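Worksheet: one structure, shown below.
Labels for the chains are A, B, C and D, by order of writing; each one numbers its residues from 1.
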Amino acid sequence: MTEVLVEVEDLKVYFPVRDGWSTKDDRQVKAVDGISLALRHAEVLAVVGESGCGKTTLGRTVAGLASPTSGRVWFRGKDLATLSSGERKTYRRQVQMVFQDPYDSMNPRKTAFQMIAQPLTINRIVPKTDLVNEVLRLFDNVGLAPGEAYLNRSRHQLSGGERQRLSIARSMSVNPSVIVADEPVSALDISIQGQILSLMRKLQEESSIAYLFISHDLAVVRSLADRVMIVYLGQIVEEGTTDGVFSNPRHPYTMALLAAHPIPDPELSRNRHRIVLTGDVPSPIDPPTGCRFHTRCPIARPVCSQQIPPFKDFRNGHRSACHFADQLQSMARLLNESGPASH
Amino acid sequence: MHLRRYVMGRLLQAVPLIFVVMTVNFILIQSAPGDPIHLLIGEGSASEELIELTRAEFGLDKPLHVQFVSYVKNVLQLNLGYSLRYRQDVFDLILSRIPASLLLMGTAFVVSSVAGILLGLYAGTRKDSLADRAAVVLSILGYSMPVFFLGLLLLTVFSLNLGWFPAQGMYNIRNPQEGWGLVKDVAHHLVLPVITYSAFQLALIFRVTRVKMQQVMKEDYITTARAKGVGEGRVVFRHAVPNTLLPIVTILGLNLEWLLAGSVLTETVFAWPGLGRLMFDAVSARDFPLLMGLFIVISSFVIIVNLCTDVIYRAIDPRVRFA
Amino acid sequence: MDELVRVEGLSTHYLTGGLTVRAVDNVSLGIRRGEAVALVGESGSGKSTIAFSMMRLVSRPGRIVAGRVLLDGQDILTLDDAQMTRIRGGEMSMVFQEPMTFLNPLIRVGEQISEAIRIHQGIRSAQAREQAIDTLRLVQLPNPETVVDYFPHQLSGGMRQRILIAIAIACRPSLLIADEPTTALDVTIQAQIMQLMCKLCNDLGTALLLITHNLGLVAEYCDRVYVMYAGQIVEEASIFEVFKAPQHPYTAALLDCSLMFDRRAEEFRSIEGRPPSRVQIPSGCRFHPRCSRVMPECSQTPPSMTDLASGGRARCLLHG
Amino acid sequence: MDSHWRLYFHNWVSVLGLAILVLLALVATLGPALAPFDPQDIGIAYRALPPGMVNWMGTDELGRDVFSRSISGVRVSLLVGVVAAAASTLVGIVVGSLAGYFGGVFDHILMRITEVFQVIPQFFLAVVLVALFSASVFNIIVAIAILTWPVIARLTRSEFLSLKTRQYVDAARLSGASDARVIFREILPNAMGPVIVSGTLLVGRAMLTEAGLSFLGLGDPSRVSLGVMLYQSRPFIQFAWWAALFPGLLIFLAVLSTNLVGDGLNDVINPQMVEER
């Protein structure tokens, strides 16, 4: 077994509800509500879910940008809460982040050079005399060539793809072992997405970096990730290897996601079975009792609203939190005349 | 409904604010140079007897915290001291001047709000037209103009030289009128002060309304309205105007401060017998009890009006009403 | 052939800071009664501008500088404003991308729907309210009698999008233009909304012009497709043709970029270079700097739309 | 920034404002060197002379040269306006940044304080302060600054609140940037735009407040300010209108020019139309 870099145990991250004018409001947004995960060396772990499911908060917490309400985060076996400030600094370097909006992730008053030089100088990675060369090397590494042409550009002089390459160069500059990538391609045109995904795969293979890859795009996840976690309302509903989860989903929510995802192929998309979920995602302030998915689940039974489903384990670490995880195939067909996309 | 709870909450918030104003007042009295007794009965030839009486009444011979308690008690009982210049109880004096101020302020408020909003809405839908640009230039002149200077100009030209309007006061003292005649007389006296006083407000309200209207006309829901076939007139009046006016309520409330400052200066120029003129007299005569009393009354007034605009805003904005 | 709308030689330009952005440049397209047509393109390709031009909702600094938009044979660009308001929301209506900002926050949703009904059918409020409730029922909102009195902020994103659809279809238009109607929504909600919209169009016999960047939605819900690049239409084809055998290199490259989730892609494809600047348009074929099948003459000769044996049309020198 | 300035000079109204402001600033700095007479020199024989070749703006009721006095007046008015606005902006930025960045108890206290300042009528408090603590230029400046800093603090705070959630701020943190570095290098430069605009507009407001105080008789009696001149010449306005007209016009011009500059900066810094992307 390869080394576990980041381990998260029963993580909860709650935010107070700000209601504008009512002065006292004790309610909390339960963004992340009891998630555990382990990210191993050079592994790509994808976190998949819809907006408001807590996947971004999870990523920010792992990167140290948000603090846990409860639960623990370990890095290389050390509890983050007990780190000294010096150790915390090292941790900062080890876990970097690539953000969703490459435009917003560049300071409007900085040039590309200043943006990459900042982490290098702060962390004293190279001597001052080598600074320009190191920046150029990083530019080259992410495919910004010729590097000299980019040094003095500011964000409005760059295309979306170039900005995201810069963002990746910045995260790579401190030689991290983990990168949290929060929807790194969803703001880009599809003609550009492939460039960034190839770059990310190349860097991962060359430098053995582990990715916590946060996305709602199943097709991207399918191609990039080793393992997948499906998250709904702050909790994991299913996890396993990418192959396992995609070819043999064990949770009705995963099935619905797969069935709802558009396929750019008219023959396939028109012939597949559909599960169209009714209703909207409930509020994370006051999540449903029992199984959180029961309000939208096409196969929900009375037990689902009363008991929290335990994880059921299948092969290769594939687990699902559904009361009917092992009877899903037959039940789905019975109830909805619909099954998972099985081509 | 949440609104009632909200109003109650806001009312409770106003109490500590008024208390803070009293505290500020007390600290000012204590920290000002000289014997605080003079701030309560004024400098000048107060009799020893009166000084001792006041000293005892306000507990000035006692420790600070005791003084503070008795000060607050006095204020809460509306005992704001005694004005030496007018030889009258400060609170009664202030009370007697309120109607004149309200008349001037109210008229100016209505004039400047109505005119400012209408002009702003008009200009806001005609961005960069000639009328729009002219109005913008006029408005920037308007809110750069010192109120008292405008007042003096109008006074000199229309009253002293042309003689169209009376120069001073609220009504003709030499030839007192009654009934309808009095109304006409007061209205005649009101013209110049109201113009003076409204100019700045009008310019400000115009600017805010115009910018807001321009923003609203660019909103997506305006596109939706047009896309479903709503005519341009109805787009403006049904879809844009309410969204423009809603935030203006708050702005009007927040500008009360300037409205009041304008009132002091306007009333001073035109010798209008209101609170502003009273304040000028208090300053001139170093009548500190009167000055401090005015400060408390005016501050409380501002707090209450702010509270009202806030409540009105909550009541008319469905986003908050149904939050 | 029963053609409902024909756009001919439409050009819409934006004038900003002394520069002319040719957002839509000599575009022609047609939509038949009741069919679902997709207009596909990446950001900045001008697809939304076409929609706004067809509705005559282009606002300054944009301007329609040339072309005709024929609705049942009549050029609506020549109508006066009063006639145009009768077309908007009556004959042609539109659904937008951002359901929150496109609803008026101060007006109850029921009234926002019934307003369209009152304007176009000239009926009284009480009756219009009943019709608004019926329309809410049509877009499958739960408890329409209650929801009719809600304000937009009291609804979720998916419900708001249903309201926008209700407004658009309230008067049974013959064309519904949907501009990225599900981009702001989650996939499970996207599926609800797309299915609803297509079902409604089917039931009411309304033609749909779906503007999107999502090829998956095109494949699933449309009959024909127009592909846009840099303000021009580069390919026109039926759905099954275009996904089987794209005729324009741009279309082919775009399809190549899209990933499938039923198999792991060994390599990620993309189109080299960056999308053309909206001010400086490449000479010749606008796609030639990024094209994998570029020929020397591509930078010289601007290609025109050519009829193809497959029944579609493409703007590429490879096809003569 | 280059393009910003070009944008500013595009608007002739803003340029006009800047020109007036520069001219007034020059007059204020050169001050006495320009004045043909001593501004305090009383000459009974020259009382209330209308504008002419010798006294360009005439003389006042005590025979003092209005032009020479106006030059001193511009100096005092600008001094009060600029110093008060600068002090209040500085304090506002410091307090607002800390509150917006760190939040928590500090933020809570600041918000309560600014709330109090929002409901206490500022002009009246200034009147009370100056009346109680004697009317010196210093006291007037302090009073104005005390009353206006909360506006800047609130603005800076709200800018910080929105900017600190930007992804580039997170990225800087991940780069190892300390709090100080994040505040000064990442957030503050981007927050300065609107703050500077408000600061500029404060100059005009401060000058108006000073003039208003002076007009109520609360001006510094030892200094010649435009407001004091207006106050003193007011009773004689019927036969020496020029002694009130010129200082009044100068206040108006000074306030107008700062407002024009502030508006011009606002258009440059908050361009709603110009899409950067």
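Please note the rule applied: a residue touches a chain if its C-beta (ideal position, glycine included) is under 8 Å from a C-beta of that chain, and two chains touch if they have at least 3 such contacts.
Every value quoted in this text rests on a predicted model; they were computed, and no experiment measured them.
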Neighbouring chains common to chain C and chain D, by label: A, B
Any chain that touches chain B and chain A: C, D
B-C or A-D, whichever has more C-beta pairs in contact: B-C
Distance from the mean Cα position of chain D to that of chain A, given in whole angstrom: 50
Length of the line joining the C-alpha centres of chain A and chain C, rounded to whole Å: 31
Distance between chain centroids, defined by C-alpha means - chain B, chain D (Å): 22
For chain B, residues that touch 2 or more chains besides their own: 323
In the complex, chain C residues that touch chain B: 55, 57, 59, 81-82, 85-90, 93-94, 96, 98, 101-107, 112, 115-116, 119-120, 151, 153-154, 164, 167-168, 170
Chain B - residues contacting chain D, complex: 17, 20-21, 24, 28, 32-33, 39, 137, 140-141, 143-149, 152-153, 155-156, 160, 215, 254, 256-258, 260-261, 264-265, 268, 279-280, 283-284, 286, 288, 291-292, 294-295, 298-299, 302-303, 306
List of chain D residues in touch with chain A within their complex: 166-168, 170-177, 181, 186, 189-190, 276-277
For the chain A and chain C complex, residues of the former touching the latter: 50-51, 159, 161-162, 189-195, 197-198, 201, 216, 218-223, 242-243, 246, 256-270, 274, 276-278, 280-281, 296, 341, 343
In the complex, chain A residues that touch chain D: 60, 63-65, 89, 92-93, 95-97, 99-101, 103-109, 118-119, 122-123, 156, 167, 170-171, 173-174
